[in-house]
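Here chain A shows up in two complexes: once beside chain B, once beside chain C.
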Partner chain A sequence: MTAMLIDNGNITKFLDSVARDRLLVAPVREEDNVVMFRHVTGGEPVCLDYLNASVSPREMFFPATEKMFAFSTADGGLQPAEPAKGKRVLFGARPCDVKAILSIDPVFSGDFPDPLYLDKREKTTIVALACTNPSHRCFCATFGVDPAGAEGADLLLTQLESCYLAEAITPKGNDLLEAYRQFFSTASGGHAAEKNRLAGAAAQKVNKLDTGGIKELLDENFELPYWEELALKCLNCGICTYICPTCHCFNIMDFTRGGTGGVRCRTWDSCMFMNFTRMAGGHNPRPTRKERLRNRFMHKLKYHLDRYNLPGCVGCGRCAGACPANIDIRQIIKELREVAQNGR
Partner chain B sequence: MIAIEAELKKAAADLLSSGEAQMVLGFGPGSEATRTTPVFITGAGDTEKLVFNPFCVNNLVKYLIDLKDYPGKIAICVKGCDSRAVNRLLQDKQVDRNKVFILGLPCPGLLDPEKAEAVIDPSARLLTAEMEKDGVKITTDRGNYSLPAGFFMDKCRRCAGRNPVVYDRLVGQPLRENETGDDFADVKNIEELPPEEKNAYWDRQFSRCLRCYACRNVCPACSCRECVFDRAEPGWVARASNLSNNTAFHLVRAFHVAGRCVDCGECQRVCPVHIPVGILNRKILMDIKQMYDEPTPGISPDRTPVLGGFHTGDPDEFM
Partner chain C sequence: MGGNCACAAGNPLMPHTATITSVTEETGDVKTFQMVFDDPAVMENFRQKPGQVAQISVFGMGESTISITSSPTRKGFLEFSVKRVGRLTTVLHNLEPGCKVGVRGPYGNHFPYEIMKGRDLLFVGGGIGLAPLRSLIDFVLAEENRDDYGKVEIVYGARSLDDLCFKNGLMKRWPNIKNTSVYTTIDREDPAWQGHVGFVPAYLEEIAPGADNKYAITCGPPIMIKFVLSALEKLGFPDHRVITTLEMKMKCGIGKCGRCNIGSKFVCLDGPVFSLNQLKELPPEF
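So, the complex of A and B:
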């Protein structure tokens, strides 16, 4: 596939041009300490010097609130949600977040293919932005993610000294390069070598934790006193699940104004919330924080592997930084290994 | 701050070994140098885990609500700001005074972990933290750092209550209070904006809200058994995340804790997308101070909450 160069100065022109033809979602610095993936229409500054966005870009395919269909008693009909219009580009997703999309793909494309998700997925070209300077909290290598890798991306951008190397990975990525060829120039072997050097350095820098024995421990032990200790400090808020690139739970609700019609939406939901598993009769199989907290980490470290043989965590480090009580999945991995070894 | 750690550990060990308390709720070392984590200690031998440093950001009082049915007595570590929450919970009879032992920790100010982590080696172990004229000097096993005042958490820079207002034992010496006090500059900066700009400001903030409810879950004034935002029937505020619902959520939340919010700043600290939610509470707090000449809630244990009291001679006819 093609590898091209794009000058720093041309990136904005390229993005403005893309935004005119396609729906473009890119990282935008909203506050000093907040970077969000936002729909940009051209002209707005896109943020390229960020470690990672505050919230993962999964929202591009799995929005926080999404209309499934409208219903009406007046004409007795259902009006399914419109399919996504035209081509879309997700620009600047980090390799961990792209890998996360691969991890949740089978959730939405198994025995019951999800048209809302798959439609957006199919129409989207993913432009990944390689991490050349991972943060101290990044541990993607633990789950087989290459911080400067292209797995799952259609096009991979890597920032070099004064330009970006753009490597088309898939035909979709190649099409994007071809469509906006005027902003790109030819790359040389030297550029590829520079990229490989940066990618190698990033892979060296990023943390790789040892998860050996954890899956086996969790396979054998649903009950561990460890979860009780940990749950004492959990506030049961939804931060970890909502900023996570692989969490994908949702609720389905009807919203009506007046009696004759309304819309059915799905909204993000969180296994941390008390009413997540509460049933119609009031019974709750996860009655306390212990069961809810355990579920999240079992999902990350066991259930997703059981179901799809894919990691439920990609080591982006978001939850470790944002948890108000400093519940840190890196430490949980370390401590579960100790439990596995010492049987405590 | 770290200087009083030894005294704190000793006090905690004494409480547990004498049987005066069955659990010590304090701060333990976190997963990084700039983080601490709540610890729930039940064995006197484990009190070595306790730390007290400029990253002890959590208001642990919230956990007293969770531990309401704990059979024993809980010794809880509180800073000045946290201590107001203890008084509030006592006023609301959420906590039995006989079941808590309050370890008061005078606090010269906390550092913003997000700012400090850009400077301090995350794997370092903190050794000392000493206040300097305009900042704090941190020594660690991996190097020393002089952090200017800009590294303090905003709430600490305007803090007028470094010393706990309620305690059974004060650890360390009381600190001199900050004379300048709270000028509510954060509130006024927004209040002074023209209406359109103010509206645009909050629209931008609320659009970002994930409805993760961390601001609610961390709040010591939020003690409802079932929150109105969790109710499906009737669904007062729709779960769908959009500007309209998010705005409703934030305004209802702020009004619900009006007169009960102790201004501990936890809601603002925990927000994963940095919505300055505390400013909403502080706007109400500022009004309470200006209109009713009432101090920050929780300052004293026996004061009637400003929206919970009335005079029979009130000239308003509804009385």
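So, the complex of A and C:
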């Protein structure tokens, strides 16, 4: 596949041009320095000097609220939601978030393929932006993610001295390069070498936690006093699940505004919430914060692996940064290691 | 699995429209709804197996997971016996024949009726717990299947005479089928009731059905299940021949929305039917 260069000054022109032809989602710096993936239509500044966006780009395929169909309460007539229109580009996703998309892909495919997710997935070209300077909070390498790697991306951009190296990974990525060729120039072996040096340094810098023995510990022990300790702090606010790139839980809700019609939507939901598993009769299999917190971390460190053989955590560090109670999955990994080694 | 599932517009979360064709009042808070898909081709292609579930929509209110209580041997309609316990079931209870609903499914695994062939069957139910069992009872008692199975015993109880579901089956239809016995009990004395009084687990121990070459299938309130399981153990049933079906809050029914997991298993995909030995492998979170 092709590798090309794009000058720093050309990035905005390239994105403006893409935004004219396709639906473009890219990181944008908003008030209070918050970076979010937003639909950009061209002209507005796209943020390139960010560590990561506050909310993961899973939203592009699995929106926080998504209409599935409209219904008539009068005659039960149903009208499916319009399929996603045209080609899309997700620009600037970090390798951890791209890996997370790979982790939730099988949830939305399998025996009951989900057309809303898969349609958007198929129509989207993912342009990843390599992390050449991961932060102290990042620990993607723990779960086999290369911070400057391209797994799952169609096109990988890596920032060099005064330009970006753009490597097409898939035919989709190659097509994007070809379509906007005027913004790119030829890369040399020197550029590839510079990229490899930066990628190597990033891999050296990023935290790689030792998870040895944790899976086995959790396989054997559903009950651990540790969960109870941890749950004392947890507020069950759900922010960790909101910003997590691998959380895929949703609710299904009908919205009506009087009259004889309405829409059925799916909305993000959270296993941190009491009503998530509470049944109509009142029985709740996860009645307290302990069960709910345990479910979240078991999902990340065991259940998703059991079910899909894919990591349920990609080490983006968002949850640790956002938790109002300082519950930190890195700390949990360390402490579970201690429990595994010392039996408590 | 997915290929056989009835959903509209290629979206497994979008139901097909169906019409309620009859409503039977089973008890003060249980009604059986017979539903027929508006599209005859959808009805024809809906192939459920005993023990599977479906999602019932009341448009504007939402959806709920309900076990299909009619046997696949009875074609052209689906029946759902629904207890009025929450928001959706309350609204559903207000619907009458002719009302439109949505149905998608069938979902989940099913009672292992193939490996039960040639065996005797003991059904133990309590309250609305008879609803999912009824799909298998009517399946094995259907004329075309009856000779595939041995003796059928049904032990069923409810809080009161009024709370007995499927009275027609219990009192008339099932006892008159060859090699079939029905034992019914209610929790408390009632002047209008000549039958047995007492809790299901105790009655089961009293009847003391043999465990040889027999599968026990049970469903009911959690407290009943707990004591029934211990009674079945005393009677000599090995764990792999004790079958139950679990209830969980579900939204999607197809393993995506994430709430019906017990450990790494999703009840909507890997269940709702589990044998006791499978259940013992799961974390106690149900």
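To be clear about the criterion, the second predicted complex is superposed on the first by the 338 of 344 C-alpha atoms of A that agree within 3 Å, B and C clash if a C-alpha of one lies under 4 Å from a C-alpha of the other, contacts with A are read in each partner's own complex, and residues count from 1 in each chain.
The rule we apply is simple: contacts are C-beta pairs under 8 Å (C-beta built on N, C-alpha and C of every residue); 3 or more make two chains touch, one makes a residue touch a chain.
Treat the numbers as computed from the prediction; the structure is a model and nothing was measured.
Once chain A is used to superpose the two complexes, chain B occupies space next to chain C without a clash. Our angle of interest has its tip at the CA centre of chain A and reaches the CA centres of chain B and chain C; in the overlay it is 90°, to the nearest 10. Once chain A of one complex is fitted onto chain A of the other, the partner contacts of A:253 extend to both chain B and chain C.
When the two complexes are overlaid on their common chain A, residue A:30 makes contact with chain B while staying clear of chain C. By the touch criterion stated above, A:69 is placed in contact with chain C alone, chain B being left untouched. Shared-chain residue A:80: touches chain C; no touch with chain B. Looking at the shared chain after the overlay, A:276 reaches chain C, while chain B stays out of its contact range.
Smallest inter-chain Cα distance, chain B versus chain C, after superposition on the shared chain: 7 Å. Shared interface residues of chain A (contacting chain B in one complex, chain C in the other): 251, 253. Contact residues of chain B toward chain A in the complex are 30-32, 35-40, 58, 62-63, 114, 117, 122, 204, 208, 210-214, 216-218, 230, 232, 235, 238-242, 266, 269-270, 272-274.
Partner chain B is touched in their complex by these residues of chain A: 30-31, 33-34, 36, 54-55, 64-65, 136-137, 229, 232-233, 235-239, 241-243, 251, 253, 255, 265, 267-268, 270, 273-275, 320-322, 324-328, 330-331. On chain A, the positions that touch chain C within their shared complex are 68-69, 71-73, 75-78, 80, 107-108, 110-116, 222, 248-254, 256, 262, 264, 266, 269, 271, 276-281, 283, 285-286, 291, 295, 298-299, 302-303, 306-307. On the chain C side of its complex with chain A, the touching residues are 1-2, 5, 8-15, 17-19, 38, 57, 59-64, 85-89, 100-102, 222, 247-249, 251-252, 254-264, 269, 283-286.
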